[in-house]
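One chain, subunit A, appears in both complexes that follow, with subunit B as partner in the first and subunit C in the second.
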Partner chain A sequence: MTRFGQSLIQGLGNGSIYALLALGFVIIYKSTLVISFAQPALMVAGATMVVFLTGSFGLPFFAAVPVAMLLTALLGLIVERSALRPMVGKPVFVVAIITIGVDITIRVVVNRFLGNTIRNFTSPWGLDTLRVGDVFVQQRFLAMMLTTAVVVAALFAFFKYSRTGLAMRATAFDQETALAQGISVGMVFALSWAIAGALAALAGTFVGTGGSIDQQTWIIALKALPAIIIGGLDSVGGAVIGGLVVGVIEALVGTYQPTAAPWLGNNFAVVSPYVVLLIVLLLRPYGLFGTPEVERV
Partner chain B sequence: MLSVENLEVVYDDVILVLRGVSLDVPEGKIVALLGANGAGKTTLLRAVSGLLDVHEGEVTKGQITLDGDPIHHLSPARVVSAGVKQVLEGRRVFAEFSVEENLRVGAHRNTRRLSENMERVYDLFPVLRDRRRATAGYLSGGEQQMLAMGRAMMSDPRYLLLDEPSLGLAPLLVQQIRDLIVEINQRGTTVLLVEQNASMALSIAEHGYIMETGKIVMDKGASELLEDEDVREFYLGLHDEGTPRSFRDVKHYKRRKRWLS
Partner chain C sequence: MTALLTDRGGRGSRPRGRPELYTSYSSDIALLNTPAKRAGVLAIVAAAFALPFAVSDQVLVLLGTGLAMSVGAIGLNIVTGYAGQVSLGHAFFVGLGAYTAAVLSGDPDGRLVGFGLPMVVWLPAAGLVAGAAGLLVAPLATRLRGLYLAIVTLGLVFLGEHVFREWDSVTGGPGVGRDAVQATLFGNSLTAGGAVLSGAQKVYLFALVVLIAAAVPARNLARSGVGRAFAAVRDRDIAAEVIGVSLTKAKLLAFTISSFYAGICGALLYTITRTVEPNSFNLLLSVRFIAMVLIGGAATISGSIMGAMFVTLLPRFTQQVPRFVPFIGQGVTGGGLLTNVELEAMLYGLLIIAFLIFEPRGLFGVWLRVRNYWKGWPFSY
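Take a look at the complex of A and B:
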């Protein structure tokens, strides 16, 4: 039971990171119909900014994170304006490939800053634990879950009630009609990249929390891919649940598989989300929460 | 006054769709624009509301002015802010949104008087008030058309461009929509009504234009158009009762149409 509780918490914690990343993917996909492969780069860029802001500039952690989020949002804006806006109307495939180029470019620059060393991450939680019953819970996982919950709630409110959020949803649904209502579609594109950037920076921060980041950290962001496919590419709620599912499965498999099914080999946990992904694709190709089309019969 | 002068529109750099169209929409009036499929009516509306870009279209000659200021190079958002709003053909409600959310999107450029405008729209379309929490995609066709018109009215436009509001609606509903257009007009919004349903459009319009293959071929008062022999025959489907018709008449129809232009 202790083991189960601990790995569940760990899974939910890591899952919130994936959820944040997946949200970025989904927000960009919904407004522009492009899967942005630049998310990993934005994530490490955000994490690196936190390292330098807390290290070289001496900012406290809680100030450094918002600043890094803001800067990464700005980076997202610049990427959208310079690399993607000129491609509006071009085939989605082409644009997706461009995002891979953007990803590599940003990562090269970020790696220049990171260098070959492992950068330790200073965060208020470190690896401190909290004892609940007989379960030792790492504080950082709690912080991740809490922050993600707040961010997700804020995003939902934003999309449901705010003028800009509604405009973004409207654009996602029918671009021409949105234009006819006076919505500036360019603004919506830019904003979705900015939001995705900020979320990626936050996710990057949590990846580093209690550990370190280096040139290989970006690979973690790829876990968001099974998350969005499981949740449904066009569903914000699905992205969150997909992220959590991936995190929990990974953690539980990591805990129990070595003893329960050793014949699957070492590190099976790493591929376990993809197994779930395959099953979901077989049963519900549009994801668990992909919107079924609303149609009057 | 909204006026279009010698407008020429080209799609994809090659397809000439509008060939020197001129028309005037004086403030406070209802003006009807009639024409067969492919005449260029919708293109004209797109040119006015700035939606040509989405369709790779471009104004190559002429201009569109609103009270003397050219608006044909403005972005759709600026055109809406200037007080011109288009209701797209085929209703195009945001099907996954609730009715109220649809209306709020319509108010995107004019949020200061949101609740006031929403009350006004609900007064105009009481059905929408009853169903404001309903998912827009599940409304009936008539209700969706009302929602599309209500959504446009949310920004309190001075000019409303309606693209085939009667499309696919039952005759009774067409009447209802017609009365609503009159009501909207009486409350101070100028209407440019694009229609295939000529009798409906001419019954409420003050002035009518008839378009064929990218040109205005007739431009008269609505009552004159209703009386016009060619319009009666070709657009209203009226001809002398009882006279047998033959294929020769069909040829005659073609000849007459060419003569008409």
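Take a look at the complex of A and C:
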């Protein structure tokens, strides 16, 4: 039971990282109908900024994170403006592949800053634990869950109650109609990328807390892809649930698979989200909460 | 006049001096439908066969790798360029082909599983195993569309990498790897140096022959009914179904053929580079194939070859850059603003973006522009 509780908490903690990333993917997808493969690069860019802001510039952690989020949002804006705006109206595959190009390019620059070393991350939590009954809970996982809950609540409120949020929802619903109502669709595109960038930076920070980041960290961000597919590409709530599901499955498999099914090999947990992805897609091609695409002939 | 129109369009029936007047559909879609194309292709093939005797072995190995990659790029172009199904899983099929070939040709008494079979067995087998895997994956493609498919195939790469890493008895495990394909043809080694030809020359010629044997059927497929069905599925799948193209069949076929080519590419590639390492069949390899297809030109066979050559030869050029540009460093640990390795990675990214924005038809489109300019010269059109 202790093992179960511990891996559940770990799963929910890591799951909230995936949820943040998945939210970024879904927000970009909803407004521009493009899956941005540049999210991993934005994530490591954000994490790297935190490393340098707390290290070289000596900012405290809680000041460095918002600054890194702002800077990554700015990076998202630049990417949208320079690489994606010229492609408006082109097939979505082409734009998705452009984001792969963007991802490679940004990561080269980030890796140049990171170098070949492992960068230790200073965070207020480190690996400190909190004892609840028999279960030792790492404080960082609690911080991740709490922050994600706050961020998700804020985003939902933003989409529901603010004029800009309404404009974004209108654009997601129908771009031309939104344009006819006086909404600047370009602004919505830019804003989606900025939000996704900020969320990615936050996720990157959480990936680093209690550990370190290096040139391979970006792979973690790709696990948000199973999350968005499980949740459904165009469902904001689905992204959060999908992220948590992926995190919990990964943690549980990591805890029990080595003894229960050793024939699956070492580190099977790392690829287990992709197995879930395949199964979910075979059963429900549009994810658990996605809208089925209906085509008129 | 009617005689001219009903003529089946043999080569001799075309009036002199009218190279683009076709008197039948079959002569319009013929493989080499203009005299210039006929002469050009002949010259390129002749030059390719003469090349091993003109350049150093080191360059030949690189060119041979490019030829092997071309086979894979043609495969990806069939499924992504012609049939419009974006696949990020190409590396997985390449890996399957490489391991099938390595196992079948491997030393039977060695450390790892091996059967010591000759080339005539393992080369087709590599394609068939990968093709069969493609056939198994294809049902996903028939259920999913667009970006959902891209993500599923991405998952496939990660799962494949896991299997390759963990299946030690076949792959040797990460960091160790296994000896690659042992190529013998009628008792002669295709990789060791002989009395007449050096190892690199043999490997290059082997890759060239396989590429030609792969490219011609691919081109034929593209201009046949199957190829037109693929294009219909790509351009508007619902309309394609309405006019009688079976979506399921077209997608199954595209995936299977594409994976077959990927398998051949894997077998060939690791005949040239002498070891197979399980970590090499990763997402990066898939992205490199995507880059080849997009830089070369989607839905063109010659473009695939151009793209594969370009991407394979790119490191060779970026190696030279540090000599001429002061702020580019050499090697992984080199100083300067960027090292040549990083420059190369960045160029992939930037070239993909630049080609998609400025020349979506890729290198093939560049060639078309050049050709059309000189065709109309001195007039602009």
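Following the convention adopted for this analysis, the second predicted complex is superposed on the first by the 291 of 297 C-alpha atoms of A that agree within 3 Å, B and C clash if a C-alpha of one lies under 4 Å from a C-alpha of the other, contacts with A are read in each partner's own complex, and residues count from 1 in each chain.
As a working rule, contacts are C-beta pairs under 8 Å (C-beta built on N, C-alpha and C of every residue); 3 or more make two chains touch, one makes a residue touch a chain.
What you are looking at is a predicted structure, and each value in this text was computed from that prediction instead of being measured.
> Is A:229 touching anything from subunit B or subunit C once the two structures are fitted on A? First, second, both or neither.
In the superposition, A:229 contacts subunit C only.
> Check whether A:96 is in contact with subunit B, with subunit C, with both or with neither, and answer first, second, both or neither.
The second partner, subunit C, only.
> Which partner, subunit B or subunit C, is in contact with more residues of subunit A?
C
> What is the contact status of A:176 with respect to subunit B (first) and subunit C (second): first, second, both, or neither?
Touch partner of A:176: subunit B, not subunit C.
> Tell me which partner A:285 touches in the superposition: subunit B (first), subunit C (second), both or neither.
It touches subunit C, and subunit B stays clear.
> Would you sort A:166 into first (subunit B), second (subunit C), both or neither based on which partner it touches?
In the superposition, A:166 contacts subunit B only.
> In the superposed view, which residues of subunit A touch subunit B and also subunit C?
295
> In their complex, what parts of subunit A are in touch with subunit B?
163, 166-167, 169-170, 173-184, 291, 294-296
> Could you list, by residue number, the parts of subunit A that touch subunit C in their complex?
Contacts found on subunit A: 35, 83, 86-87, 92-94, 96-98, 100-105, 107-109, 111-112, 116, 222, 225-226, 229, 233, 264-268, 270-271, 274-275, 277-278, 281-282, 285-286, 293, 295, 297.
> Show me the residue ranges of subunit B that touch subunit A in the complex, using the header's touch definition.
49-51, 54, 75-77, 79-81, 85-88, 92, 94-97, 101, 104-106, 108-109, 111, 135, 137-140, 151-152, 155
> What does subunit C use to touch subunit A in their complex?
Checking each residue of subunit C against subunit A gives 84, 86, 140, 143-148, 150-152, 154-156, 158-159, 161-163, 165-167, 238, 242, 283, 287, 290, 294, 332-333, 338, 342, 345-346, 348-353, 356-357, 360.
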